[in-house]
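Encoded as structure tokens, here's the structure I'll be asking about.
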Amino acid sequence: MTVGSELRLNRDAEATGVTPMRHALSAFLDAIAVDQDTRDDILIAVGEAVANAVEHAYCGSSPGMVQLYARVDDARTLAVEVVDRGEYISRERRDGRGFGMRIVRSVARAVAIETDGGTRIHMLFDIASAADTP
Amino acid sequence: MTVGSELRLNRDAEATGVTPMRHALSAFLDAIAVDQDTRDDILIAVGEAVANAVEHAYCGSSPGMVQLYARVDDARTLAVEVVDRGEYISRERRDGRGFGMRIVRSVARAVAIETDGGTRIHMLFDIASAADTP
Amino acid sequence: MNDNSSITVLRLAGELDIGRREEIHGVFQLAPDARRVLVDLSEVTYADSTTLSELLRLRADAQAQDARIAIVIGSKRFARVIEYAGLGSAFAIFDDRGAALTYLAPGLQS
Amino acid sequence: MNDNSSITVLRLAGELDIGRREEIHGVFQLAPDARRVLVDLSEVTYADSTTLSELLRLRADAQAQDARIAIVIGSKRFARVIEYAGLGSAFAIFDDRGAALTYLAPGLQS
């Protein structure tokens, strides 16, 4: 029943936007009856991806946008994309950093990154939406 | 910057779904930085339309779905559609009832209703998204 | 039960929508001898036409038994909804309990 | 300032993300004579890698001055984030303050 539900948020990539974007995703997941633990895991992974766009994408250039797109693909899959139009910074893991993408990979069922004209992180999450169980 | 942001929720039309759908719209409006009074007015109008789908659309038939679709059309306009696939009940205004659509018309800049194969209420709201003011 | 000076208090809080219709209906009931009714909605943060319809029904019940009703509303957004519905002058509305009590029982302390 | 038995308490609450990085950095600072540090995050309801990086930096600062750190974490979701980051054994983590205090100062009451 919740298949096709989606949330698309376009915002300036700024640190103050991370919390309200996460809250919007949280309320979206509640509205499609995703259970709390699953919701919280998705929030942290997507939060890391959005924080990366804010922190890294427009480093040195003028600040641009970040887009969050979440979609219920089928009754058991939430697809999320976090997109910016900045520049991907490829680098060795720094000491005491680099946990963001590690968290994303721990939580998501699948992760793909495109770094062409910005960074686009695709994530798939398992959801067992309570609203879809008979 | 927030133009193109959208929220689409598909759910069973049931009374317990009205609150979480409204909360999702509320957090969506916060994430695109709509001011609080405007947000609260939109929530009440859309809430009435969703409540009508829950209360009236599937009266006598087996319960179906309700869809809420909200989209930032331009920096000053939020377009919202509330859709069900039930049956529109055309009737005279009942005593002590009939405030829902009156509230919708008070708040929205424009309202259109299609009643073909269900009820589809289109609403346009003025928003002055704080995120879009320079 | 209610002597002449007693006040019946009906109270709801939080977000009131169609999902709480039965609860709202259950709370908005009058004992046959109620004459002064304080509807305390000061902690209501959201209310839609479900509540307005129930308030109108309560008002009719009250009129039938010659009872007086005062409604306390705390949130601006709820107050606006009453205006949007065109019911701005249908009820005696107060934004604090003290004023509502004075309206219900002038000269009495509660 | 700190005698041998005193405990420094660093406390944050609410949702910790990149929007609060400077605040987190400012709170996670040690006086040069601090030897026992209680990081009280019991009221933190959300924390991401911003907090993890700052905790690792605080841990390094503490090691440099031979201070012991105990972290109190209240929310399950935050505890899971530490696991996901592979930092499950990097910190001394407790789910209540009493156990953390015992770890910091066995035999002392606080």
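Read from first to last, the chains carry the letters A, B, C and D; within each, the first residue is number 1.
Everything below uses one rule, namely that a residue touches a chain if its C-beta (ideal position, glycine included) is under 8 Å from a C-beta of that chain, and two chains touch if they have at least 3 such contacts.
The model shown is predicted, which means the values in this text are computed figures rather than measured ones.
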Contact network partition after chain B is left out of the picture: A, D | C
Minimum number of chain-to-chain touching steps separating chain B from chain C: 1
Centre-to-centre distance between chain D and chain A (centres being mean Cα positions), rounded to whole Å: 27
Separation of chain B from chain D, taking each centre as the mean of its C-alpha atoms, in whole Å: 45
Inter-centroid spacing, chain D versus chain C (mean Cα positions, whole Å): 50
Sequence positions of chain C contacting 2 or more other chains: none
For chain A, residues contacting two or more additional chains: none
In the complex, chain A residues that touch chain D: 15-16, 18-19, 22, 37, 40-41, 43-44, 47-48, 51, 54-55, 96-97, 99-100, 102-103, 106-107
Chain C residues touching chain B - in the complex, by the definition given at the top: 15, 17-19, 21, 46, 48-50, 52-53, 56-57, 60, 76-77, 80-81, 83-87
Contact footprint of chain A on chain B as seen in their complex: 1-12, 17, 20-21, 23-24, 26-28, 30-33, 65, 72, 131
